[in-house]
Amino acid sequence: MDLKEKVVFNERIGHPVQGLYKVVLSGEAAKTARPGQFLHIQVTDTSDPLLRRPLSIAGIDPERGEVTIYYRIKGKGTELLSRIPTDQYLSVLGPLGTGFSIPEKGELLLIAGGIGMFPLFSVIQAAQKVPVKIKVLWGGENKDFLDSADLNLLLQKGLDVELSTLDGSCGEEGLVTALLEKYLADKNTQQLLSKGLLRAAACGPNGMLKAVAGICRNNDVPLEVSLEERMACGVGACLGCVCTVRDANGGLKRKRVCKEGPVMNGQEVVWDADI
Amino acid sequence: MQTFNLETDLAGLKLKNPVITASGTYGFGEAYAPFYDPSVLGGITVKGITPLPRLGNPVPRLAETPSGLLNSVGLENPGLEAFLKNYLPELALLDTAVIVNISGFSLEDYALMASSFQRGCGIAALEVNISCPNIKHGGMAFGTDPKSAEEVITAVRKETDLPLIAKLSPNVTDITAMAKAVESGGADIISLINTLLGMQIDLNAQKPVLANTMGGLSGPAVRPVAVRMVYQVYQAVKLPVIGMGGILTWQDAIEFMLAGASAVSIGTANFGNPLAPVEILEGIKAYCNQRGYQSVKEIVGLAHGQKG
Amino acid sequence: MQTFNLETDLAGLKLKNPVITASGTYGFGEAYAPFYDPSVLGGITVKGITPLPRLGNPVPRLAETPSGLLNSVGLENPGLEAFLKNYLPELALLDTAVIVNISGFSLEDYALMASSFQRGCGIAALEVNISCPNIKHGGMAFGTDPKSAEEVITAVRKETDLPLIAKLSPNVTDITAMAKAVESGGADIISLINTLLGMQIDLNAQKPVLANTMGGLSGPAVRPVAVRMVYQVYQAVKLPVIGMGGILTWQDAIEFMLAGASAVSIGTANFGNPLAPVEILEGIKAYCNQRGYQSVKEIVGLAHGQKG
Amino acid sequence: MDLKEKVVFNERIGHPVQGLYKVVLSGEAAKTARPGQFLHIQVTDTSDPLLRRPLSIAGIDPERGEVTIYYRIKGKGTELLSRIPTDQYLSVLGPLGTGFSIPEKGELLLIAGGIGMFPLFSVIQAAQKVPVKIKVLWGGENKDFLDSADLNLLLQKGLDVELSTLDGSCGEEGLVTALLEKYLADKNTQQLLSKGLLRAAACGPNGMLKAVAGICRNNDVPLEVSLEERMACGVGACLGCVCTVRDANGGLKRKRVCKEGPVMNGQEVVWDADI
């Protein structure tokens, strides 16, 4: 669980303005990692910043013993991470948390907002090994972002991808939720649905996930979402990272995003819980 | 080397070594079990419990600050009943001193909690949290006024025969007055410090980062304040002290012991380094061995010169 | 862009911009002159002076802590007379608000100091340090008891017609009680926070690092506590607030202003980055410009929602 | 005063157990630096550690625009410094403080304890440009230390060097103060002294400097010492780094080691001042 992983690649990808990086770690993590899990990474050995940084696993190569992570420079922690040279070892906790379930048949609909695509890369990797069809809906700010965030990786795999951008510079203009609504309204999709052969997995900003959960509920699509919340321990000890869920009896409960999540049943999450 | 003694005895609370984990940072003893066997530690303190279950505060509950962490978990816990049923039996099996941390919002709350724990129930001591700064309607008042603090401890003392640890809040003008108050109330041991009240503001949203506005500051940022308070309390009262507040390494732990702590508690450090308590224990051992002490008790309070 | 107004007015203390330097971290205005012209700042606060010259505490006077600095300078200063003769004339020439920080060990001390400074003497305001934790025989008492704090301010108020800044100590249970006390005493402005009392212990020598045992903690480690106190004081009293405590960057400065500070003071940050005050000023300008504010005053207290 | 200096060399020297490093900085500092001055160096851009680290200038090459510094890993700050790769820029304040005076004739006696030799390297460099004779007394822990601390540099220059070590592994067994006493007792030295042609400069631990000051006072040798004290600002603003001196009237005063020092008149310093 507490690993020393060797940095074998850590470089900026795409256009500098997007601040996106890809890091490949070699070590034990790859042996047990499942799609949707995350690593809790120490970015410095001084006490500022004090906490580790949670980053989702985007690629798993058990044979080579490598995991891939994509990250965006947000603040001090990710900035420090981006400066770590190859061959250096990182202290890593993980793989942590629950993973996405990979259905064995039918269609798996992946819905991503922005860098929410990254954890879904690992889902694609796993799903391509089973006879399930993959459909990707991905919304980003603009074409530059999508290109920078390794859109090519999906296209090269020959996947069925629909895109949306806020400025219309690539795919549909608008939100990924519009793509979702259109796709679910489609006759073929309805057929799949009626046979219980469609499942969805989503990752992205909270507002988007909430909207996706609403649409999926209206259409009876089983949905898994990957949540983000500020984390301290990453292992269920501090209760810092909770989300609110409604249990079978309608009562409210907390679940720890790091332990019972980050992947949760999309219908059980209470979005914008104000308690 | 072989004769070196790590055991310590805090007014009836026997510990096989002076390293404990701090309440709220170690779950109910299960969270770090995948990393090492908690039984190697002197003791573990469980998350603060209250008579009734609590959902705690909304998120965000965490904010990182320079060398520090703000939290406003708000005492989320399953409540007394669920604790006794679902957690205590497992905890009682551990070969380490299990300390139960209790919080309440009235004297009756505290008394009720205390009456549920007696010698032989599987725990080693009761820690009374009179200082949690996260709860809007309570907690704070007890921990920042000597009279109320004494009352709580007196109320709890009546209800249990377990060793009683009074956990002090650092958000006070005079920590020695608080220490004397809980001493009069009948506490056996004093633990300190709980978190310092702090806050952070989001520049984009132009509002507090924590949903609860304010939170408790922990981690190395607060260590100098904690060491100072341990030093002062050691001089002010006779009770043994459990020191905590920003201990990351064995050096930090020794600092607290020299200041007067008979044992140390590891909190926020667990988050960055799950093995911190184990490494700290090893470091304490090495420091004492290297300097030829026979027992870890010998270093307690040495920074005071004469008294030590 | 051109119409943006950096000027601010704190109850009669006019500042051309809201960035000040903190007492004890900027000498008498000369130390950082080789780096930039101090006149670009809103104000500078000079090292605390006392009626008589003081040698201050023995060394070591400094100890570094995680993201923090402990100091026990002990109010070393040339004394009132030498200050008036050797330093004031030069200071009066600066095109910035010069704030003189005064400390004393009795009400008479404070009154004497205050009577030497009046409008027109070349300084813009008097800051009354009732909170210096470094002096064994004084300071502390005034700053940690509301009644004494009010007395000091009343005594000083009688002796000077300059704008009066009361500088509060954070080592108190209730900062709002202190704020209300100095408001009743007649203070025009409140500045906070002074340093948190802390200490560090040397593992080899097994004694305190600072010759004076304890010292005052400053720097980013204390920022969450300082922001919290500014936020609380802003709600408790009507006086304008000068915020300080761990401001390193313009982001930190904005945090204090959103919490309720009308101006900010830069202390420990100078040591790491002599240009910190200038860079902070630029950052405040950019933040306000980018968000379309006409005046820097508009952001003061925004984190309070309604009240702001 | 606030400079960006480029690290052109930063490597361990000598035996690893000694933890000694040499760093060469290229930039403006070399243009104005004088022997005995120091640089106040930022070792990280996070806030832990918060303060800069003062390090003495050991070599000045104005033509190449380079200054050399020798340092020993003591704690977190120097450890972080040792990890800084070449070609990176460091934020440096300085050159700061007073320097040693270099006499134009006679003999300059340099007395060093341990790494106290390092600032004296810059004195030698300067003194070799004027017609003054240099004599070096250097005490260290053992031969390994002296070798690691670039003893060869002195020997290569053909300087008159006497050594002492605590374990006798090199030079005399004992303290450098014994070398000093012996040297001052020498007839030739006495002659120089009587003509006013001997001056001394010393750097090392406080206890040693105190003893050296005592011996020099007894022998009427003018002495400059370089002091160390914990520093925050380095520029005279914080009053953190003071030493105590006795003024002409016998009154006690404080001087700031960073501003009125680090090089001071050895006879004016009150050693072990307990006020």
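Chains here go by letter, A, B, C and D, matching the order in which they are written, and residues are numbered from 1 within each.
Everything below uses one rule, namely that a contact is a pair of C-beta atoms (placed from the backbone, for glycine too) under 8 Å apart; a residue touches a chain by one contact, two chains touch by 3 or more.
Note that the coordinates shown come from a computational prediction; the quantities given were computed from them, not determined experimentally.
Colleague: For the pairs A-B and A-C, output the one whose chains share more C-beta pairs in contact.
Modeller: The comparison resolves to A-B.
Colleague: Cα centroid separation between subunit A and subunit D, in whole Å?
Modeller: 56
Colleague: Suppose each chain is reduced to the average of its Cα coordinates; what separation in Å results between subunit A and subunit B?
Modeller: Between these chains, centre-to-centre, one finds 37 Å.
Colleague: Taking each chain's centre as its mean C-alpha position, how far apart are subunit B and subunit D in Å?
Modeller: 47
Colleague: Name the residues of subunit A that each touch 2 or more other chains.
Modeller: Where subunit A meets two or more other chains at a single residue, that happens at 47-49.
Colleague: Please set out, as single numbers or ranges, the residues of subunit B touching at least two other chains.
Modeller: Expected reply: 63, 66-68, 219-220.
Colleague: Drawing the touching chains as a network, do you get a line, a ring, a star, a complete graph or other?
Modeller: complete
Colleague: Give the list of subunit A residues in touch with subunit C in this complex.
Modeller: 47-48
Colleague: Looking at the complex, which residues from subunit B come into contact with subunit A?
Modeller: Residues 24-27, 30-32, 34-35, 47, 55-56, 58-64, 66-69, 71, 73, 76, 219-220, 248, 268, 270-275.
Colleague: Inside the complex, what are the residues of subunit C that reach subunit A?
Modeller: These residues of subunit C touch subunit A: 66-67, 220.
Colleague: What residues on subunit D touch subunit A, complex-wise?
Modeller: That would be residues 44, 46-49, 76, 80 of subunit D.
Colleague: Flag every residue of subunit A that touches subunit B in the complex, lowest number first.
Modeller: Residues in contact with subunit B: 1-2, 42, 47-52, 91, 93, 229-244, 252-254, 273-275.
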